[in-house]
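In the two complexes that follow, chain A is the common piece, with chain B as its partner first and chain C second.
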Partner chain A sequence: MLALSGIRKTFHPGTVNEVRALRGVDLSIEPGSFVIVLGMNGSGKSTLLNAVAGSFFVDEGRIELAGHDVTKWPEHKRARLIGRVFQNPFSGTAPTMSIAENFALASRRGQSRGLGWALSPNLMQPLRERIAALKMGLEDRLDNAIGSLSGGQRQALTLLMATWLKPELLLLDEHTAALDPKSADQVIQLSDEVIQRDMLTTLMVTHSMQQAVSLGDRIIMMHRGQVLHDIRGAEKKRLRPEDLLDRFDEVRRRELLDESAAAMLNELYI
Partner chain B sequence: MTLLIGALIIGLILALLALGVLVSFRIFSMPDITTDGSITLGAAIAAVLLVKGVNPLLATMAGALGGAMAGAVTGVLHTKFKINSLLSGILVMTALYSVNLHIMGRSNVPLMQATTLASFGESLGEWLAGGKTIHILGWPVAAADAAVLFLALIFTATAGAAMFAFFRTQIGTAMRATGDNAQMIRALGANVEGNIILGLALSNGFVALAGALLAQYQGFADAQMGIGMVVWGLASVIIGEALTGTRSLGMNIVGAIMGSVLFRLLVAIALRWGLNPNDLKLITALFVFAALVLPGFIERCKRRTTPAT
Partner chain C sequence: MEISRQSSGDLIILRLAGRLDANWCNHVESALSATVRDGEHRLHLDMSAVSYISSAGIRVLLACHKQLRAINGLFGVIRPSEAVRSVLELSGLQMLIAAETAAESSAEDNGKKLASASAAYELFALGAGGMKIETVGDPATLARGCGGAQPTTRRFDAAKVALGVGALGGSFSENAARCGELLAVAGVAAFQPADGSSRPDFMLSEGALVPEGQLVLGLSAQGTFTSLLRFEANDEDRRIGITELMQTALESSGANAAVVVAVTETAGLVGASLRQSPASEASASNDRFGFPQIRDWLSFTSERSFRDSTSLMVGVIAKPGSAFDALLRPLARGTDLLGHLHAAVFPYRPLRKGRIDLQPAVTSLFDGQSLQSLLHLISDPRGFNGAGESEFYRGAVWIAPIIT
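What follows is the complex of A and B.
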């Protein structure tokens, strides 16, 4: 479904701000797989998702998605294959436009847009039903500006928008991190439902060990722009939060070791 | 009375300018100074074609098309060459000054003998009324003026309705979303750069349409006529928002039209009372300044006067 090979991305190359955010990522994801992406701050999780979505072009490597080589496709063209929910609830919706209009836009994700009316009757009927199923009382407020809703409501709607047309790949980047615990739980549950129901191939970034062990069928742990651990199958099922914390500790120790080694080399040779 | 009708007609024509500015300023949050050049461009193209004897409707549409192309150039400079939006507009506006002079061949093209939409309206009015004057609510009015006013009203109302309809289509909603949240609409597969180019073309098409009509009404096109026009359009949009009190698209469009007419009436009255025409642009600029700053200022004063809880 998704195949990454040798992905490299350096921001601001050749300057003092140079960041080697992705340093050779190889990853292959089967159709219908729900992959949790873990890693410390700055390990390259968001950069990985952005690279797949096409927010920028990668420096090296090849990205294949649903049988297409999308490495050189611009972001709006890849949108045909990809549904996305961002960390910031403000990012996924057009605030001054109504709920219905936002869904009208989502209902043509990746398709041509012409001079037909945006709000067609064949959209409104299923829209009302699916929004009623959220049990947030939003089905009577379809004409309200979406910017007037709470972060949790917006994030739930964004998820529904991203999956309105079944995407080949769903990208979730800490999409509950900005929410209060109760809304976060709601949105996580909704995500799991939608992903199971439509058997969506999914990449989900999170910092929650709890989510990591209870959701998905595979975990990849990023470290310094590479995939450090890849846990799947029976091992993933057995995994407890403590096991993950151990792996994080190991990463942290290695980091310290790297730093002290660098300091020693500095002292010795400079 | 003639003065009033004249102000109403110009207000309605410049409402098209206000609609254009509404698109760039409110939908794309981009004060687009291309406006100053494209209104003159519309006037210049229409005037030159009219003098050649081209059908007035065709000449008017050609003017609007010219404006749309100028807007598209601004859009390309901004999106493809990553030039700041304000600077892109300034570059095109400056270039248009020369372009307009080339099109006109001199700095002023009079339309005295040519058949224009205005002269067509005037003769239509006199033919329908069967005389030079008619009575509206007991007032004697030149039939020619009444007919032109009526035509202007229909023209502007149609344009406003067309714009409203357009922004409710699939492509129109995508364009509104582009101004509202570019990241979101890109993730939904719309070409943000293309939408901005198209939006600025649409905006300047409306502006140039206003220019083409204005030239026909006042009977000449002039190289200087665009100066300060974007500020004029902003003033109309802002007055419209104050009048309708909302930010919904339909009311914004109605508001911009009403704002333009009201602003023109106020100016006509002020000029009648002895305002120096040279001060007009200064006062328009001060007005827009006040309208931009006052709401925030009042908000701060309110907060200061309400005791902290």
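What follows is the complex of A and C.
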């Protein structure tokens, strides 16, 4: 479904601010796979998702999505195939527009705009049902501005919008990190339900070990712009949070092994 | 819940006051385990001021009772309040209630005390003997691989002690890509597969089954131990470094070289383990330990790790000039002690005092599949920037002088 090969991205090349954010990422994701993306701050998780979504063009490599070579596609063209939810509940929706208007926008994702914000009547009924299923009492507030809702409510709605058209690929970037624990749980559960029901191919970035072990069928751990671990199948199933912590510990140890330690080990390790 | 502590001889009396219920049982449990961790294995619990005990509280008492019984310690409830007595009796646990005057700890045979500023040592002679040692492989293997050499499969039976780089299982062709830090003693062998698996694997002798595997590089010894050194750190921070411990062990043996096996309550370990098998064919580069590629080859703890664990250490220590110098490294700057030591790490559990047998002490560690890690111990001499050396609270070291 998604195939990345040799992806590289350097920000501000040739300046003091140069950051080699992606340093050769190869990744192939099967249709319907739910992939958790882990990694320390700055390891390149968001950059990876942005590269797929087309927020910028990659310096090197090829991105294939649902049978298309999208490497050179602009972001808005890729948006027809991709649903996204970010960490910030205030992005991804138009705050002054009503819930219904936002959904009208979402239902025309990737198509030409300016056809008016009205939701066609045959969409209104399923929308109301899906929103009622959130059990957040929002089905009676479809005309309220999205900006007036709580963070949890907005993320739940953003998720519904992002998945409304059953995208070929769903990208979730720490989409519950800014929420209180209870709302975060609700939104995570909703995400899992939608992903399972529609068998959405998904990349989800999180810092929660618990989410990483209990959700999805595959974990990739990013480190310094590369995929350091790829855990899938039976190994993913039996994984415990402490195993993941061990792996993070390993990453940290790796970083701490500096030149002076290397010299010492060369002398003393046998 | 109030807990106060008092000692009488080698007996510790903890006095509890209040309700021992689900709310407080964790508090009491930590007080009990802290006491055991301090090396106190004889414990009375004065429960005269406990007004209520629930099943949660009973579980804590039972767990402590079981733990101390297993290491020949003592645990008992004294002066139970009416409430406590009736609950214990009704649940058939009167055996937890002890007479107030505890029997003296049974006079075990005492070892010879050795004087030291930082630890109390007791040395037990186990009889004549010693071990013959064999070096296996070429240290250049680490940098260059085996070059097609096929190590033979060896049996790690109860008379053998081995450490080095190797793997367990029948065939080298299958194991080549897996070889990592290995140790074997008392019919038990364990190794840390260097194939990306995070947990070490192990094999115990059982019936006719004897662990088998290949040693690509290392030391293999066979024979009998001649002494047992018990130690208990007694300086301010109640821990003793590996260099001092090994120095004392070697001196006590009177030999220039010795095989040592230790079961210790451990304050922290410093060490490294292979991330990739040096024997695998794919690894043909010849500067594996250069920087930064060493990061792909070795994992180094970088700080004292595995705090408050129990470990099984297997090693060879010697003064310079032995036939196996190439496989030893200095334990510290400014000493002439060399060593090669591996340690297997387990969650903390107390070790029985006095003269104990090697075999049960080793095999019982492997009960419950709790082996956490296996590493090659390194004493990092880099002062403030280094990780320092491994440190222990107390333990037992079996020593065999190396004979030729």
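Brief remarks on what is shown
Rule of thumb we're sticking to: the second predicted complex is superposed on the first by the 251 of 270 C-alpha atoms of A that agree within 3 Å, B and C clash if a C-alpha of one lies under 4 Å from a C-alpha of the other, contacts with A are read in each partner's own complex, and residues count from 1 in each chain.
Going forward, contacts are C-beta pairs under 8 Å (C-beta built on N, C-alpha and C of every residue); 3 or more make two chains touch, one makes a residue touch a chain.
Only a predicted model underlies this, so the values are computations on that prediction, with no experimental measurement involved.
When the shared chain is aligned, chain C comes close enough to touch A:256, but chain B does not. Applying the stated contact rule after C-alpha superposition, one finds that A:95 touches chain B and leaves chain C untouched.
When the two complexes are overlaid on their common chain A, residue A:105 makes contact with chain B while staying clear of chain C. When the two complexes are overlaid on their common chain A, residue A:199 makes contact with neither chain B nor chain C.
Legend: residue contacts after superposition of the two complexes on their common chain; A:76 is shown touching chain B, with no touch to chain C. Here chain B and chain C are compared by how many residues of chain A each touches, and B touches more. Contact residues of chain C toward chain A in the complex are 139, 142, 198, 272, 289-292, 294-295, 298-303, 327-330, 340, 376, 378-382, 385-386. For chain A in complex with chain B, the touching residues are 53, 75-77, 79-80, 82, 84, 86, 90-97, 101-102, 104-106, 108-111, 113-119, 161-162. Those residues of chain B lying in contact with chain A across their complex are 166, 168-174, 176-177, 180-181, 183-192, 247. Per the touch definition, chain A reaches chain C in the complex via residues 243, 246-247, 250, 253-254, 256-270.
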